[in-house]
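First chain written, first letter: the chains are A, B, C and D, and each begins at residue 1.
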Amino acid sequence: MEDRTQQEQASPAVRKRVQDSFDRQGLMTHLGARLAHIGPGRVHIVLPARPEVTQQHGYVHAGATSAIADTAGGYAALTLFEEDSEVLTVEYKINLLAPAAGDHLEAVGTVLKPGRTLTVCRLEVYGIQGDGERKLVANGQQTLIRANRPAE
Amino acid sequence: MEDRTQQEQASPAVRKRVQDSFDRQGLMTHLGARLAHIGPGRVHIVLPARPEVTQQHGYVHAGATSAIADTAGGYAALTLFEEDSEVLTVEYKINLLAPAAGDHLEAVGTVLKPGRTLTVCRLEVYGIQGDGERKLVANGQQTLIRANRPAE
Amino acid sequence: MEDRTQQEQASPAVRKRVQDSFDRQGLMTHLGARLAHIGPGRVHIVLPARPEVTQQHGYVHAGATSAIADTAGGYAALTLFEEDSEVLTVEYKINLLAPAAGDHLEAVGTVLKPGRTLTVCRLEVYGIQGDGERKLVANGQQTLIRANRPAE
Amino acid sequence: MEDRTQQEQASPAVRKRVQDSFDRQGLMTHLGARLAHIGPGRVHIVLPARPEVTQQHGYVHAGATSAIADTAGGYAALTLFEEDSEVLTVEYKINLLAPAAGDHLEAVGTVLKPGRTLTVCRLEVYGIQGDGERKLVANGQQTLIRANRPAE
């Protein structure tokens, strides 16, 4: 796995735009998720494991795992667009590879193929133990469409 | 669309098993979702639209839409298995067809192809207005694997 | 399964447009596939089982199964568009549900959600025995994008 | 992109097993595809661009692109299993990222997560020009299931 400690940051304007949009997502706040990295074409979201996000065996629910993966991919795409653009998820596919265990999950969305209309992202979610051990728990692929942002 | 008003119920034992498992899912409770129908090979889950489940434009977040779709498919499969079985999501793919608007969403998971090891489900999510108007807002396909339930 | 014997035909102009495009697909000819039905938003393609389309166990290869499914979905979308439109596959997902056995396969592409830019189709492939018995062998979901047809 | 010139080969026994199975696939021969690399957990398949594999605009058909991608993933998984194992595709999802143009295509199947029952692969297809220029034209994800090989 590549070294993630030295990562390029997006410009302050882009980071502000992504953070502001993220803060308007009621679901991310309700789940307890937060933006952990905003780079050009790559966004990380962290979700602490809590009883509020579990499935019936106490692991993080596939729905919560997918929610942060989908969101990370969407914002990864958004970092590449102009200020007046929005990004909507067209579809995604995700494999749940292992029980989503750990102290917290980290979703990584990475733009694989940017485009004027459609953008394709790779989605990865890692389960991270308290000692820092990382394990890939989900892997997916997502298609997004760019739209003009409605005036506010 | 087929008539959903006359629907077969699963046996009381199956319904209890599904409901008990659902009640152990911290995420479903946290999102405010509830089981609305448990039939043989088909399960419906309802999610009221609330600020806690939205994305940045106020529609229900794709992650919440997916979470109830994935859960509905999983329990649809579970209705067909013996008491000592568990069902895990292997993967799913979902298209977000329209903004998830409405008073509440209804996810419908339907077994398309049951199997001893793998089961494939169709996932549909409808946005339902206060006046009862239904609109398909997401459509997907899911692969599940049966496992023996760990002794409790 | 719904009755497929009484099916609506697309207009002669649309059928000609789809047939002409199909005839330009070298792969379809090479595989031995043919258009079996062109209706508004629904297209059927038949592929006879021959040694040229098999995998290592003698069943029809998932690649051939997918090729006719993808093509059926693409033309199902095309039936709904103006003459100057083309349709390109953005992505698809397909589950191989059972060995693709039979005298021939029939792929059915059905538009699930048409759109000005993106269209989503359901893909089904049936294995059909000499006695007419039909079995669902593959099921999928496809996203397509409309483009203006290049002048010829 | 990583250097692909220095690649680990699978053992002679594994390579023979994969090649023998590939040679029994009528479709691969009919399309003109060939195995280009058999490494542990990674297989490459090359498909020359010919009129027999095109869609209506002269690019390689998504069905042919998918067929070699699916096959590369299946054999990538097979390299990791015992001699008495077979591998079947459960499902895959593929994004067609760019017109599949070039002198030939190269599909690369890579095991992302091996498992006793299920294996998940990454699928990539490159269009390669006569001068060696490579472009990613398709990207996908595949789930496979291991089965015991029937006695011959």
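Note that a residue touches a chain if its C-beta (ideal position, glycine included) is under 8 Å from a C-beta of that chain, and two chains touch if they have at least 3 such contacts.
Quick caveat: nothing in here was measured; it's all calculated off a predicted structure.
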Set of chains adjacent to subunit A and to subunit D: B, C
Comparison of B-D and B-C by number of C-beta pairs in contact, larger one: B-C
Same-site or different-site touching of subunit C by its copy subunit D, using the half cut: same
Maximum centroid distance from subunit B, chain identifier (CA atoms): D
Interchain centroid distance [CA atoms averaged], subunit C/subunit D, Å: 23
Centroid distance [mean C-alpha coordinates] between subunit D and subunit B, Å: 34
Gap in Å, rounded to a whole number, between the CA centres of subunit C and subunit B: 29
Set of subunit B residues in contact with two or more other chains: 90-91, 93, 95, 120, 141, 143
Contact set on subunit B toward subunit D in their complex: 90-91, 93, 117-118, 120, 141, 143, 145
Complex contact set, residues of subunit B against subunit A: 21-22, 24-31, 50-57, 61-64, 66-68, 70-71, 88-96
Residues of subunit B defined as touching subunit C within the complex: 93, 95, 97-98, 112-113, 120, 122, 136, 139-141, 143
